[in-house]
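Both complexes below contain subunit A, partnered by subunit B and then by subunit C.
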Partner chain A sequence: MKPIILQGHERSLTQIVFNAEGDLLFSASKDNVVNVWFTSNGERLGTFGDHKGSVWTVACDSQTKYLVTGAADNTMRLWDVRSGKCLYVWEFLTAVKRVAWSEDDEMLLSITEQRSGQPSVIRIFKINREDPANQSSTPLREIILTGSKATVALWAPLSDHIITGHESGKVAKYDTKTGEEVMVVEESHRGEITDIQLSPDGTYFITSSKDKTARLFDSETLQEMKVYPTETPLNSACIAPLRPYVILGGGQDAMSVTTTSSRAGKFESRFWHKLFEEEVGRVRGHFGPINTLAVHPQGKAYASGAEDGFVRVHWFDDSYFRSRPYGDLEPEVEL
Partner chain B sequence: MSQPNGYDEFDEEEQIDLQAELDEGFAEIEQKYAVDAQAGVENVLVVDNLPIVDESKRQRLVERLRQVFEKAGAGIDEDRLSMPWDNEKGTNKGFVFLTYPDAQQAENALRVLDGTQFGKAHTLYVNRFGDIEKYANMPVGEGELPTGWREKSYVEKDHLRSWLGDAVGRDQYLTFRDQDVNVFWNGRNGNAEPVRGPDGKPIKNSKWGELYLQWSPLGTYLASLHRVGVALWSGPKLDGPIGVNVLRFTHPGVRLIQFSPQENYLITWSEEPLENYEDHPTAALRETFGPDDEGNQFVVWDLKAQRVLRTFPADKPVMGEDGPRPMSWPVFKWSPDDAYVAKVNVGQSIAVYELPGMGLLDKKSVKIEGVQDFEWCPMSDKDWEARKAGKGKENMIVYWTPEAQNQPAKVNLMGLPSRDVLRSKNLFNVTDAKFYWQNQGDYLCVKVDRHARKAKTKKATFCNLEIFRIREKNLPVEVIEHKDYVPQFAWEPHGNRFAIVSTNDPNYGQGVPGVVIKYNVDFYQPDPKKGDFTLIKHFEGKLANTLVWSPKGRHILFATIGSSTKYDIEFYDLDFTIDDNPNRREVEPGANVQLLGTGEHYGITDIAWDPSGRYVVSSASSWRQTPEPGFTIWDFKGQQLAHSSLDKFKQFLWRPRPPTLLSKDAQRKVRKELKEHSRVFDEEDAAEENRGSAEKLAQRQREIAEWNAWRARNLARLAEARKARGKEIVKVANTEPADEKVEEWIEELIDETEEVVVA
Partner chain C sequence: MASTKPLKTDWTADDEGDELPPTTETTDADGITTIISWKFDEHDRKVKTTRRVRRKMQTQLVSHTVAERKHWPKFGLDKGKGSGPDRNTTIIGENIHFKVSATSRAEPEAEQSAAKAPAGKAFVCRLCKGGHFTAKCPYREQLAAIDSVGADGGEEEMDGPSNVGALAAKGAGGSTVGGRYVPPGQRAGGATGETMFRPRDEFPTLRVTSLSVDAEDEDLRDLFARFGRVVRANVVRDRDTRESKGFGFVSFESRKDAEAALSKMNGFGYDSLILSVSWSQPREPRQP
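Moving on to the complex of A and B:
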């Protein structure tokens, strides 16, 4: 499994996403630009470069038509993927930490940072897909969070609900119509939740946390299904289609990295068996903590973006699909 | 009818009151004038358990008694000694009365005489005359219980060594992670099974994880340290109702504990001196310590009675060349039979205390000018047998004194309690000396760190190994001079071989970061012909700085611990033979030293063999700043059986085993029939492996079934909801053609030439 190394960012990666077909990879970085790459050979297709601050988050719609990004310059931008043109800019009072498209590409959510007296706010926007340059600057719904701020969020299937992960380790569910918190599990994690990603069919999702664990939850009930305890703070986690694995990534804090060898930092991507909660393998390569992981929507590859400024795209070998570490014990294939 | 006292003038109620008042008054008077059994006879003692003699020996017995009393420091005139005589039988009655001039002398005599040995068969029991009277007059008849005595129902105690009864003879180990302590059976091939109590639940106790844990030397007790003291847990549940299997020792701020080798006593040490607890709200503290204990830091306990034997203050720190030397634990050292405990007062003496009284042996410490350190000689299995038969040797210590005023440094062996110096050896240019006893007490190696004769500093640069043969007559000494510095020395348990680590690396001890120190490892064993210790194997340029022998001998590990870049472990067998030919070893010593395997444990901080010598555990404790806390179980061949990487992992402890109860003959028999036994064990091994995997398989199948069922439910629900809204999703994957082909056009300029065309 020789990786394709994407060298194009000058600073650490913040979030990477595949498009629905898996042929493109979008990478957001602290160097203010978003790059888009061909996943097959690692060639760079282009950049989206109007942000004036670290780009914290990126999301691509299911038709690979529009891209949305959020950054530390307090703006959220909508882009045309094909031309790379910025179509619309939303301005806020604080940085945008997370954006996500709804299932039907009709809505967007954004989380803004809690800072200098401003609370953390989740906003839901209706997107005008016909005339993309003409968007409403006022959100459809505004959820002002009291208590612990939200760090990550995603749309539940059918887009009736938003599931959020919080700094305190709580996982909550909000109604998109009323903006009310309809369900909450206060101590899902014992540390900040750093990533949240949905399963291929949306019925469950995975969270990663600074408390060194990743956990699998039922999207409907928020019931904890599985726990994956590791020995390092985790920054990202994703669920691989086709094979019954989850991929976890993290590493010792960026602040204390310089003094240790790359091995001591635990900068590997870890593969865990989704059902048996056992580690099955690790992939080395980065020399800084892994900040973000993404998996090919058809389960053919995965990519990791790290503090070291590189993205590594790994296409799975045949052996990955053929191997049966637990013999005939295989759950139903998910896609 | 009138009474002079007018008693009738009071009505009934008043009479009752008066009567009560009178009764009370009488009780007071009775108490005041009660005959005190002690009064008047405080100076009289009764000496009991005398030999019965007839008239002819009467005078001799009296004379002997007076001699004994005189010798003990409580002499008595003949006319003050009265011996009751049984005229019918013509013998004495077996006891005498001693009337001392005053009570004080009688008290002294009681202390020094009680328990005195009289002849071979008699121990004198001395009591106050008053006490005998008092107890004889107790208002309790034969077979009755005293008033106010509540009979406690008998509680069956659990067997303290029940863990040894495991059907397949597994060892137990304990892991301590974060706040959790777990106890496991170490199954074959690294399979761990939680140790379960009789109720079938894994043994667990939330109180254990407060400070740290320690097993007692024979494995009977698990000691957990707490801020308020020490608790010892035992029995099959390592718990039990209070007072049955938990022993508690109150000592605020306790930090270090030490068991005596036979588990009869316990020493605890706290950083905080004991206070005056007279008015302390906690009853345990009030009752345990008296005003004399104030300011003391060491407490010696009788373990089974949970009673303080004696407390000691902390020593003033000994001043070394660079500031006060840190306290080296253990401060008190036990003789192997629990008979004595001794402590060195550096430069002056060794104080030897007798158990259980904790009084100084012969009332004075052993004065040794300049004494630096000492060690007790261990006892072998044979010594124990001899001791049981009542003809064992006395205990022995070794100590050393440095050079002073033209006197050479000395290593002495001394017998205790006789204080006879059995062997003395002079040494020169000594920087430091360390003692290494072979665990059976057959050999002693004194590792003498030496400096050059005219060196300015006394920094040790080379080393002498002075090997004493304890079992031979006159304790002969053999000296092996080593030109390098020797940081490690280790005897083979039960054997006569030893291994040393030496280095001539100038960076040793400098703590230069990033420099990997190279060591040499040497094995020695007695030459079968000449009888002196000779080098049998030499390894050059090893990174290992730690040697660990298997508790059964023969196998040894080299480990690199405390380095920031190397974490190697090497597994050696000293008697490796392919064929079962025991003669080869004699032909060529060292030829059978064989590397069995190598391993690596990233971040290793500790390494320990299990009691059977079959498994080894390397662990990385978060107490010692390791990048990756956790532990690894290896077999003796260096095969990794299990690895757990656990965040906040702190301690791994094998439960020790007491010495085997099999006699030498029985052991020999087992060894002879080993083939037969091992066949059975192999079968059990195979069965266990199948059982383990079957269990795991069933669980995994269950997990898969649960998962599939849950998914089917959820998917159906979601599909229905989608259908209801008309939002069914067409899977991208289904519409996508198989693998797409990506064509790349690569243009390459191969050659470029410019030509001027002349028209």
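Moving on to the complex of A and C:
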């Protein structure tokens, strides 16, 4: 497995996402720029560079037509993927920490940071796809959070609910139509939830947390299904399609990195068996903690972005697809 | 792509303002393309770059939208750049051996020798000179065995833990013998001291010849993995064409496994050829 190393950022990565076909990879970074890359050869297609602060989050719609980004300059921007032009800017009072497209690409959600007296707010916007430069600046729905602030969120299948992960370790579910909290699991993690990603079929999702564990939850009931305990705080987790693995990434906090060697830092992507909850492999390479992981939607590759400013795209070998670490307990997968 | 040569600076020809020769591409009989390109560096010197690559056409079926996106013009900082990865932003990393297995859990931190000297105590083992009581010496049986070999006049190979001197050094924490500091280079069993790069000959290595040209590193590893843990398995390839030269090397973690593999695999039929396995001869030290 030869990784493709993308060095288009001067500062650490915050979020990377594949598009629906997996041929493009978007990378957001603290250096205010979003890059888009061809995943097959690592060629950079272009840069989206109008933000005036760290870009915290990026999301691409299912048709790879529009891109949305949220940044520390208190704005959320809509971009045309093909030309790299900024189409619309929403302004808020605090930084935008997470954005996501609904399943039908008609709606957007954004989470703004809780700071200087402002509460953390989840806003849902209706997107005008015909005339993208003409958007409504007032949200369709506003969910003002009273308890712990939300750090991550995704749309539940069919987009009638939003699932959020909170700083306190809480996982909650909100109704899109009414904005009410319909379900909550207060103590699902013992630390801040750092990432949340949906399974390929949407029936379950994975969360990673600073409490050194990643957990799998049912999307419908928020019931905890699996736990993956590791020895470092986790920053990201994703579920690999095709094979029964989850990929976890983390490492100790950036502030304590210089005090330890990269070997002790455990800056590896860890592969865990989804069902048996056991570690089955590691991929080395980064020399800073992994901040974000993304997996190719068809399960052929995965990418990791780290504090060291590099993105590494790994295309899986044949041996990965043939691997059956637990022998006959696992079904073979036709490619 | 086979290999790329680093930049070659041409020191002689630096007529400033000179026209650059055009980029030339020649393809030889082996299918290797040599690309010679010229540019000026920051001191206006002419720099010749020679890259030798092997182009291989790979066909992939993709959806229409993906194929269409491949022809999009670049934008942002990459505006106007040609197709193909820019070597300033994209590099290919080193090969990573990634194997999914149920037992690949992180290996526990190497346990320190059980005979670690208790701090601040001044007793020395009579047998191995380590900092522990003679009765508790962990090397007692090994030392007895070595002594008996020595009495028979047999010559034991002097490497690793079978060396009495090494044992003594180990028992005392590795840096002192009888309270005196011994530099790593003079310690028994460690003539070279520590280096960042472990030498190739550190592991028992077998040379496998009459190997099928279709065999990959992975095949070689799988073939020999049944005898024990394989540290390294590689097929020797032509530097330019990447074609197998029909032999390879396999390194084991333990000598016993290597010996077993040598006896079993020498003469083994593999892919309609009969393998010939022998010990690998250590390479002559490189001339500087």
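Going forward, the second predicted complex is superposed on the first by the 330 of 335 C-alpha atoms of A that agree within 3 Å, B and C clash if a C-alpha of one lies under 4 Å from a C-alpha of the other, contacts with A are read in each partner's own complex, and residues count from 1 in each chain.
Assume a contact is a pair of C-beta atoms (placed from the backbone, for glycine too) under 8 Å apart; a residue touches a chain by one contact, two chains touch by 3 or more.
The structure displayed is predicted, hence computed values, not measured ones.
With subunit A as the common reference for superposition, the partners subunit B and subunit C occupy clashing space. Once the two complexes are laid over each other on the shared chain, residue contacts for A:Gln298 go to subunit B alone; subunit C is not touched.
In the superposition on chain A, A:Glu91 contacts neither subunit B nor subunit C. Once the two complexes are overlaid on the shared chain, A:Glu10 sits clear of subunit B and of subunit C alike.
Judged by the touch definition given at the top, the superposed model places A:Gly202 against subunit B, while subunit C stays out of reach. Once chain A of one complex is fitted onto chain A of the other, the partner contacts of A:Ser323 are limited to subunit C, with no touch recorded for subunit B. With both structures placed on the common chain, the touch criterion links A:Arg284 to subunit C but leaves subunit B unconnected.
By the touch criterion defined above, A:Glu21 lies against subunit B and subunit C together after alignment on the C-alpha atoms of chain A. Once the two complexes are overlaid on the shared chain, A:Glu186 sits clear of subunit B and of subunit C alike.
Judged by the touch definition given at the top, the superposed model places A:Asn41 against both subunit B and subunit C. Of the two partners subunit B and subunit C, it is C that touches the larger number of subunit A residues.
Within subunit A, the residues touched by subunit B in the first complex and by subunit C in the second are 21, 23, 38, 40-41, 326.
Subunit A meets subunit C in the complex at residues 1-8, 21, 23-24, 33, 37-38, 40-49, 63-64, 82-84, 245, 271, 273, 278-285, 312, 314, 317, 319-320, 323, 325-326.
On the subunit A side of its complex with subunit B, the touching residues are 20-21, 23, 38, 40-41, 62, 103-104, 157-158, 201-204, 212, 218, 220, 225, 229-231, 260, 263-264, 266, 275-276, 297-298, 326, 329-332, 334-335.
Contact residues of subunit C toward subunit A in the complex are 60, 62-63, 65-66, 69-70, 72, 74-79, 83-86, 88-102, 104-106, 218. Within the complex formed with subunit A, the residues of subunit B that make contact are 602-603, 627-630, 645-647, 697, 700-701, 703-704, 707-708, 710-711, 714-715, 717-718, 721-722, 725, 727, 729, 731-733, 736, 740, 742, 744.
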